Structures are given as structure tokens and as C-alpha cells.
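Here chain A shows up in two complexes: once beside chain B, once beside chain C.
Showing the complex of A and B:
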């Protein structure tokens, strides 16, 4: 049975098992119909030209874990930003772990989507926001159909979250192959501030396929900093879909650090629905072996006087492949837009590839749009310069790669996180330098 | 200290150095002059180990050891330093971090511990003062957006920090204003001792008024065609290179 058929038949059982009065019953049914029609994306679709899901879909994934797993904190501590106090919403094989989590309902709600679905007090929030910015795209619909668990974060107006929030999805590998579909809903109220760190982490070498959807709503003057740490096992794949709805004067920044995983697809979509929005998309991708990362971004400028900044850096070794497909869409009404896009890549090995495609669709006439894309090797003259000063080949390479990625880290606001990423980069490059950049 | 014997080098099928012989003893200053494109920078780069150039014949001995097969960093560890004619811009790495890394990597290769942070800071301050470099300058990205003169001064700052055995200055004077030239030359002279040596590549006699050479060599078409005392530089300044060409025929 194909994965699609398996999913379709398991949906029936899944719906049976949920209560009928679930507020999203209809939404789920719509979604599964849409997925059934569309199926998994193939390379024939323009947006999937360079990323094939074929081999991934051949695995025989278990869709629900058979047994609950116990994970000890000490074994997974390193995946948390444990140097600072954080709220934590943690899932193990798709099941909420109250033991590893630290939630709150104090000034803000950091809890579970399943709880939000079932409790009356969240009813209006769910009605207002759930599945409102996510688009009907087959993988998103698939996630919506099975939407059951994930993080629910609601930051009320004028509240500044006192700690960063970590959303972590562990998979234990109890099954030979598992498919997970976390669904997050994040609402940042007017003038509210929040920082979120998201991570998917497999704890074994067994195959995992995660099809995640995160919906984010940033109300007027809201500030959101979102960090995606993608440093998973080489047997774990991630199809990530993040949709961000911005109201006027809001600032949303998403940093994506892609170092691990087998296949990663990042669909990152911003919709600017009011004036003076700022959207920032930054990424560092460092790959080796046969790793594959596809950044598919969209900034939809719907309102005038807004800005967007995209800055993605990639370093590709061995036979790894990268894709950058950055789309900026400026509507006719969206005058006086400043849209900036930059994508720089270094190919370390001659077997590595990068497919970069900026896509600017501009219907307004008074806009400032710029984009630049470079693909190159490490500069030989720079290498010689460093080496002639006594810096070894490996360190010189590392230094240049560090320097190359450096400015993307500048905007990381949590110092401990910045240090972490720095270390991850150093590890990934296989060198330790005497200083942080 | 440095013995270059019948050195031939080039790129692919182009010969650039056509049999160079040069002996530099400790305590000496040698000047190399010659027309554009004669191979001066190539000679410097080959001694420093740039892989782009292939050595087809001859040898480069440093204290009796053939270094022509060594990596650039290994040569640096043995005390070779090249001040670049065109220093490379490295955005994202500050001057301070760069020099710290260079010094500690070199010490590591020599089996020494890292230089203690306090000592490092003191040395940086001392050498920056010697070359009249503003402290703010040191926290900027290496050579990025530096003026031509600032780049050259920064090269000599690195030289002062690394204290090499053999320093090769490739057109360090070009781009420096008259005052800066004095400061930089003074810096080089302060570092000069009976144990180290300097090779100065220049087009102008002026620098040699400050850094006084023991020998002047003329490089043409990849060969040293004439050597003489410092007075040779005056003659070149006055008469150019044509008379040497004529002498050769």
C-alpha cells in the first residue's frame, strides 16, 4: 500500500477515534479531501523541481506510536537551551511529555494544541486563527487533516514573554520508521514580544519523516523572533511549513539553521497585511554527505510601506545539494516597499550542487527591490593570505567559512543561543577556533 | 639564511622565474627592483609557498633546509613572512582575532602553549603604538574597506606581531603617504636585528633611504640580471632600466 493510501485509510480510524464535536471536524475533512486530490508533490511541480520525495515516501512509516516512550532528561539535555531558563513544550513521538515540558498560563499561554481544541476558553481563539493563514497546499492539508497535537502559544496584548519558549519534537526510533505531523499555533498579540526556538530531534538512527505546520499571527506592533535549529540525524527528514500573518508595525524574524537531517524542505511564507511591517528571513545552511536542504520562501507584500530582508548563506560539501527559491510578490497596492534578498553559496566539493532561483513578481511601481545571488568556491587568494600567516589549511578554511556565515548570526538575540550555533558551526566545519565571531 | 638556487617557476605553460640565484644572510637587507611584470611578486609568492605557481627547477633553502615542498603555513612557522602587494580583504574576521589566531597557530606548530591573553594584549598595544595604528582599527574586519595605505600599515603591524626570521616586503611603500612611509620604515628598522633578514621589493629609491639595503638586485624577465650596493638604486632611479638591457646584449 502506498503511503498516500495508508494515510487515507488511517484517517477514517483517526476521525472515528476523535470526538464528533471537535471544533475542527469539518476542517479536517476538507483537508483530507484536498490531500486525496492532490497527493504528494512531485518534481513535475515547479516548486518541487529540485526536491524529490520519492525515496522518502517508499518507507513503511508507522503513523501512530504503539507504545509510549520514556525519555530521561539527562539523555536529551543537550538539545535544550539549558543555559537559560525557558518555557518548554516537548513531544516524544508526537505525544506530549509533561515530564520534559515546562508550560505556563501565567501571563501567557504556553501549552498544547489538543488542550486548546478541547477547552471552551480557547474556542474563540481556535475559531479566529486555526487554519486561517495556512494555505491549501497538499502537504499542509495532510497535516491539517491529522492536526491533533503541537504547541499552542498565545501571548496576550502588551505582554512580553519573560523567557524564550522551546518547542521540541523528539522521536525515539521505537518504530523502524515513523511519520510525525506536529501542528503549532502561535498568536502574538498587539505590542507583545516573544522568542521561540524550534527543534526536531531524532534520538536513533531509524527513519523519521516529519511533516510540520506552524501558523503564526503577529498582531499590531508585535515582535516575534523565531529560531529553527535543524541539526537532526542523517536518517531524519523534515517537511516544514511555516505561515506568518503580520499586522501593521509588526516585526517578525525567522532564522533557520540547517546543519543536519537527510532531506529538509522549508516552506516559509510571510504575509504582510498592514503598513510598516518588517519581515526578516535569515538562514545558514551547512551540508555534507548526501544531505539536501530546500529553502522555499515567500514574502507577500500586500500593504504599502513595508520591508523584507532575506539573507541566506549556504556551504555545501561532498555530494550535498541545496535549493534556494526565494519569491517576493509585491501587490499593486503595496507601494514604497523595500524588499531585499541575498543568497550566497560556497561549494566546497565539486560534487555538491546548489540551485538558486530568485523570483520577483512586482506589480507596484514605486518599490525598492534588490536581490543578489552568488555561487563560488573559497577564495584561493584569501586562503593563501591566511596560510602565509601560519594558519593551517583546515583552520583557514574554517575561518573563511565562519566569516562567510557570520553576519547571519549577528541578529540572533539570545546570546546563549548564538554561542550554541557558533559551536554547532565549528563542529560542523570540524574545527575549534580560539574565539567566537 | 635564505639560499635560492637556480629557481625556475611558472604557471601552466608560462615560465615566470627563469633561474634565480639569491643568497641572504642574517642581518642583511636586500632590495629587489625591476620593471612591472618582471616576476618580483612571483618570486615572493614562491618563497612563501603559493601553490598556484609550480616550481620546475632549483631549490629554496631556509637555514639549509629545502622548503620548496612545504605548505605556506609550514613556511610561516619556520619564520617566513610576506607583506602582500595586494592584501586580501577578509570580511567577518577582525584584525585582532586574525592576528591572535595567526600567532597561536604558529606557536602551536612550534610546540608552544597559546600566548597568555594578557601578554597578547600588551603586545598588540605595543606594536599598534609603534606603527601609530588607532586601536579602533583593530576591531574592524581585516582589510575590508581599508585604504591602500591602511592595508600596508596593517601588513607591517602583522609583521611586528609575528617577528619572523625572513620578511619579504612586496611594494609596501606603494600607497603610503610620506609620513606613513617614515612610520612604517621606522617600524621595520626597529624589528631589524642581526638574526633576521629583510627583502624589500620596491620601485622607488625613496623607501631605501629609510630601510637601507646592503644589496640591490635588478630582476628582469624572471632573472636577476644585476646586483650591486645601495648606490645602484640611485642609478636606477635616474636612468631607468634600459641601460641594463643594453649592457646585457
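Showing the complex of A and C:
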């Protein structure tokens, strides 16, 4: 039985099991129909030209965890940003872990999507926002059909979240292979401000396939910083879809740090619906072995006087593969746009591959749009300079890589997080530097 | 002179009809419409081709029947009905001239209207012209000079008769019959085209040039060009196109194959000005062309193109850099106006070591046109030290047009160095203001700025062509700032 058939048949059971006065009953049914029609994307589709899901889909995934899993805090402490106080929404095998979480309903809501579905007071929010910006792409539809659990964050107007929020999905590996489909809904009200850190982490070497969808709404003058840390086991794969709807004067920044995982696909879509929006997309990708990371970004400029900045750096070793597929779409009403897209890559090994496709589609004339894409190696002169001053080869290389990625790191606002990522990079390159960057 | 406002400019541009639109009434012998194996055989027979050529065509035709028309390009158009086209048309009178005076005066008149009269050309820098008018070559000049050097420059049908060993060896080696839908169609039904062979170590003393034109109503033009530069030789080849105004869409599906053997260099320049359709977007030529060159060791192929015409253009002159140290270049200006659509670019396939490629593409879109750049740079695992630089700039005039960039970059070698940059912008108000302030009116200022924008590419054209290209740019664009 193929994974698609399995999903389709389990949907029926899933629907039965839910008590069904749920407002999203119809949305679910429509979504599964759409998925049934489309199926999993194949390499024949332009957007999936360089990423094949074939081997991933061969695994026999269990779709719903049957065993209750207990995770001790001391075992997973290192995955939290424990140096600072944060709100936490933690899931273990897709099930909410109240023990590890720290939620709030005080000034802002940081809780569960399932709670939001079932409680009346959230009804209007769900009706206004749920599944409103997610597009009907096959994998997103699949997630929508099974949407049950995930983080629900609602920051009311004029509220600044007092601490960062962490969304962490653990998978324990109790099953030989598991498929998870978390669904997050984040609403940042007018003039509100929030920082969010998202992480997917598997705790064993068993295969995990995560098909995540996050919907984000940034109202007028809202300010959002979103950090995605992807440093999972080499047996875990992530298909991530993030949709961001921006109203006027809002600023949304998404940083993606891709170091781990077997196959990672990041679909990051920005829709600017008001004037003077600013969208920032940055990423550092450092890969080895057979890892594969595919960044698929879209910035859709619908309104005039907006800005977008993209900056993705990639370092590829061994047989790893990197894909960058960035698209800037400027509608004809969207005059005076300033859109910039940059993608720099370094290939370290002979077997590593990069496929880049930075695209511009522009229908307005009074715009400033540019993109740059480079593929190269570490500068030999710089290397020589460092070595001639007594710095070891490995360290010199590491220094240069740091310098290469530094642009992106600099804009990380949470100092502890920055330190953490520095450490991750150092680990990844296999050196320890005597200073913090 | 009254103030020439932008509105005036726009109006003038809209009402500007295709300047080279005319139709010469020459009797043609045309095949019945439609395409099947018999037609393919008939074309082959008409051209008195040997058996292997007929077979080759049939093979292509059978492949074509299995294929589907590609849809991935960023263009929309009504698909041509391939059974509604006559696949062969040749001017009826088929005399061979030694001097230009013998040519049918009606034909000469046609070329005079185009501003490329043979007399003028003859006087200018010694250009040998092989005129393809509705698929059969009518006049070839300067043949004797070329023959002295051992250079073969003739129509491809002549080459099939007289140099079958060369044609048989190279045809379809760069663009195989089943390469793509239009290449297969062309392979099956090509009526004529040019053939050029430069022997070892010979530097072709003049620019070789051909003018293609579509003349007879309802006939598709399927040329096939084959240029072979043997070891250590050099050739510069020009190709220019203008077509008469016609309401019905005409199909132009050509195949150009370039073969640069060790140390050879081929420079291929195109000025394309097929009928783009009128300002409502009616009519116009569909230009679906497959152009590709292969470089052996130390060889170099340079494509230069100025695209101003055609309703729909679908064209990617490519270089396969097979030999070590080979070089591929692509310089392009694509101008679209009114309802024109262009999806054009290049492919640079790096296979050999130390291969280098440069891509400079300038897109200018005005009116309601769509202009796309689509390019591929591919570095294969054994192409050590490959180097690529790409630059794609787009200029937009008005907010009803679109400019798109779709670069594909695939690197499989760590020593590869690839740079790609693209920009999109409009003509700055301050630039125009600067010119106005110095007494240059808006129209001239735009011409000046566009010329500056395209200069990098225009510079690469041979002298004779640069003049014509500049003229074309002005016709297509002057005053179209929105």
C-alpha cells in the first residue's frame, strides 16, 4: 500500500475519531480531496525539479502514535534555549507535553491549536485566520486534512511578548518510522511584537517524516522575528511550509538555519498586502554526507512601496546537495518596490551539488529588483594570509566560513540564540574557536 | 516644435506600423497543406536528395509524431495547426545568377525596401550573401573568393548533393532529430538553409551572411543551418531576418548547428526582425528556434543576437563546452513591444576542464509585452575550474509589460566559479531630466539611454550589423517610456 493510499484510508478513521461539530470539518474534507487529486509532488513539477521525495515515501510510516511516550527534561534540556526564560509549546510524537511546556493566557495566548479548535472563545479567530493564507498545494492540503495539533499563538494589538516563544516538536522513535503533521497558527496583532524559535528534533535514529505547516498573520505595524533551527538527526526529514500574510507597515523576518536532517524542504512564502511592508528572509545552510536541503522562497509583492531582502548562504561538503529556488513576484500595482535577493554558495567537496534558480517575475516598471547568485570556493589568498600568520588549516577554513556566514548571523536578535548557533556551526565544521563571534 | 509629451510618444509608438511590411508577388510552387510521410518524401524528392537523407527525414518525422508540443515556456499563444501549413514553397523562377544584374528586379526591389540592397552590401566590407527567399537560395555572391580558400558556403540542399560526406557526418550531431518538438519537425521538413565549412587553419576573410525571409502566405519556414569550423579555423557568420506583414500567424522553426573543432572559433550573429504582429497583437510570426553549438578543445563559440521581432519567440542559443579550455559566449538584446512575447536565453553546458562562459542578456519590454530570460549553466562533475559569469538586465517601460528572469544554475564540481546577477529597473526620471536639461528631447534621451543600456551587446556585433541593429532598436522603442 502506498503512503498516499494509507493516508487516504486513515483519514476516514481520523474523521470518525474526532467529535465532529468542529468548524473545520469542511476544510478538512476539501483538503483531503485536493490531496487525493494531486498526490505527492514529483520531479516533473517545476517547483520540485531538484528534490525527489521518492525514497522518503517508500518508508512504512506509522501515522498516529499508539504508545504514550515519556521524555525526561534532563535528556532534552540541550534542545531548549535554557539560558533565557521562554514560553514553550512542546510536542512529543505530535502529542502535547504539558510537563515540558510553559504556556500562557495572560497578555497573549500561547497554547495549543487543538484547544483553540474546541473552545468557543477562539472560534472567531479560527474562522478568520485558519487556512486563510495557506495555499492549496498538495502537501499543505495533506497537512490541513490531518490538522489537529500544533502551536497556537495570538498576540493581541499593542502587546509586546515579554519573552521569546519556543515551539519544539520531539519525536521519540518508538515507532520504526513515524510521520508527523504539526500545524501552527500565529497571529501577531497591530503594533504587537513577538520572537519565535521553532525546532524539530528526533531523539533516536529511526526515520521520521515531518510535514509541517505554519500560518502567520502580521497585522498593521506588527513585528515578527522567526527562527527555524534545523539540526535534526540524519534520519529525519522535514517538509516545512510557512505562509506569511503581511498587512501595512509590518516587518517579518525569518531566519532558517539548516544544519541537520536527511532531506529538508523549506517552502517559505510571503504575501505583502499593505504598503511599506518589509520582508526579510535569511538562511545559513551547512551540509555534509548525503544531506539535501531545498530552499523554496516566494515573496509576492502585491502592494506598492514595500521592501524585501533575501540572503541565503550555503556551504556544502561530501555528497550533499543544496537547492535554492527563490522567486520574487511583483504585481503591476506594486510600484516602488525594492527587492533584493542574494544566494552565495561554497562547494567544498567534489561530490557536492548546488542547483540554484533565483527568479524574478516583474510586472511593474518603477521598481528596483536585483538578484545575485554565486558558486565558488574559499578564497585561496585569504587562506594563505591566515596560514602565513600561523593559523592552522582547519581553523583558517573555519574562520573563513564564519566570515562567509556572518552577514546572516548578525541580524539574529536574541544573543543567547546567536551564541547557540555559533556553537552549532563550530560543531558542524569540527573546530572550537577561542572567541565568540 | 511643440512639446513632445510622453503621451504623444506613446501614441506615435502605438500607431507605428511594421516598417518593413510588404509582400512581393513572385509566383511560387507550393505544396498542398498538411503533413504526412508522403509530404516528407515529396520534399525530399523535390530536392533530389539521396536515399539516406530521405530516411533521416522520415526518422525525424516518426519521432515528431510521438512528441508533444512543449508548454513550459512563459508564453501563451494559439497553437499552430500543423496540418494547416504548407511545408514547401519555392520561388518558381529558379535561375542561377553570376551577377546581381541578372536577378529578378522585383526581388531586388524587395531588398532595397529592406535597406539591405545587394549593391550596397557588395560595396560594404565585402559581405558574401546567400539569400534564402522562401526556402530556396536564389543568389550566392563572392563564391569564387571563398572557393579559393577552400571554404564551402552554399545552401544545404546543394551541400547534400555535393558534399554528402560532410553533411552526413555532422548533421544532427549537435541537435539530434528527437531533441525537441520543433527540432524534430524541422528535421523532417526543412526545405533549405545554409551550409558552411571552413577547412583546417583557414581564417574566413569576410563575414558570411544570409538573409532569411518568409514570403509566401501560409508557408512555414524551416531552415537548417550547419556551420563546421575545422581545426584552427575562424568564421564570423551573420544571419538577419525580416518578414512581410501578414495577418495569419506564421511559423518559423529553424535549427542551427555549429561545430567548432579543436582551436576553431565561430562567431554567430543574428538580427531578428520577423513581423511582430500589429498593435492589437494580431498576426505575427512564431519563432521557435533551436540553436546549439559544440566546442571541442580550445574552441570558442560566440552567439550574439538582437531580437526585436516575432509575436512569440522561443529561442535558446546554447554552447556545449565539450573540449578542455573551450569558451562559450552569449550576448543578447531582446526587445518586446505591444503584445510580443519572448522567452529566450541560453544554455552553457560545461563538460571539459577549464571551460569558460559569459552570458550578457539585456531585455527591454514595453507596451503589453512579456519578456523572459531563461538560462541554464551546468557544470558537470569532471569540468574542473569551470568559470561562468552571467548578467541579465531588464528595462521596463510602462506597467502593462512584464520582465522575468529564470536562471537555472547546476554546479556539480567544487572548483566551479559561477556568478549570476540580474537587475530590473526602469528608465530613471532623473536620467531623462538630465538629458532634457541639456537640450535633448525626451525621445532622443530614451534612445540614448536604451543605446547605453544595450551597448555591451551592440559592441559585439560586426560593424555592418551594428548599424542595422541600432536602427531596429530605435524603431521598436523610441518614446515608449510610460
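One rule holds for everything that comes next: the second predicted complex is superposed on the first by the 437 of 437 C-alpha atoms of A that agree within 3 Å, B and C clash if a C-alpha of one lies under 4 Å from a C-alpha of the other, contacts with A are read in each partner's own complex, and residues count from 1 in each chain.
In the analysis below, a contact is a pair of C-beta atoms (placed from the backbone, for glycine too) under 8 Å apart; a residue touches a chain by one contact, two chains touch by 3 or more.
This one's a predicted model, so the numbers in the text were calculated from it and none came from an experiment.
Touched residues of chain A, counted separately for chain B and chain C, are more numerous for C. Of the two partner chains placed around the shared chain by superposition, chain B is the only one that A:400 touches, whereas chain C remains out of contact.
In the overlay built on the shared chain, the residue A:42 is in contact with neither chain B nor chain C. Contact with chain C, but none with chain B, is seen for A:371 once the two complexes are overlaid on the shared chain. When the two structures are aligned on the shared chain, A:29 is found in touch with neither chain B nor chain C. In the superposition on chain A, A:157 contacts neither chain B nor chain C.
Judged by the touch definition given at the top, the superposed model places A:355 against chain C, while chain B stays out of reach.
When the two complexes are overlaid on their common chain A, residue A:392 makes contact with chain B while staying clear of chain C.
By the touch criterion defined above, A:2 lies against neither chain B nor chain C after alignment on the C-alpha atoms of chain A. Comparing which residues of chain A touch chain B with which touch chain C, the overlap is empty. Residues 45, 48-52, 71-73, 75-77, 80-82, 84, 87-88, 90-93, 97-98, 100-106, 109, 114, 158, 162 of chain B touch chain A in their complex.
Put simply, chain A touches chain B in their complex at residues 379-382, 384-393, 395-396, 399-400, 402-404, 406-407, 433-435, 437. Partner chain A is touched in their complex by these residues of chain C: 72, 381, 394, 396-426, 482. If you check the complex, the residues on chain A that touch chain C are 46, 332-333, 335, 345, 347-377.
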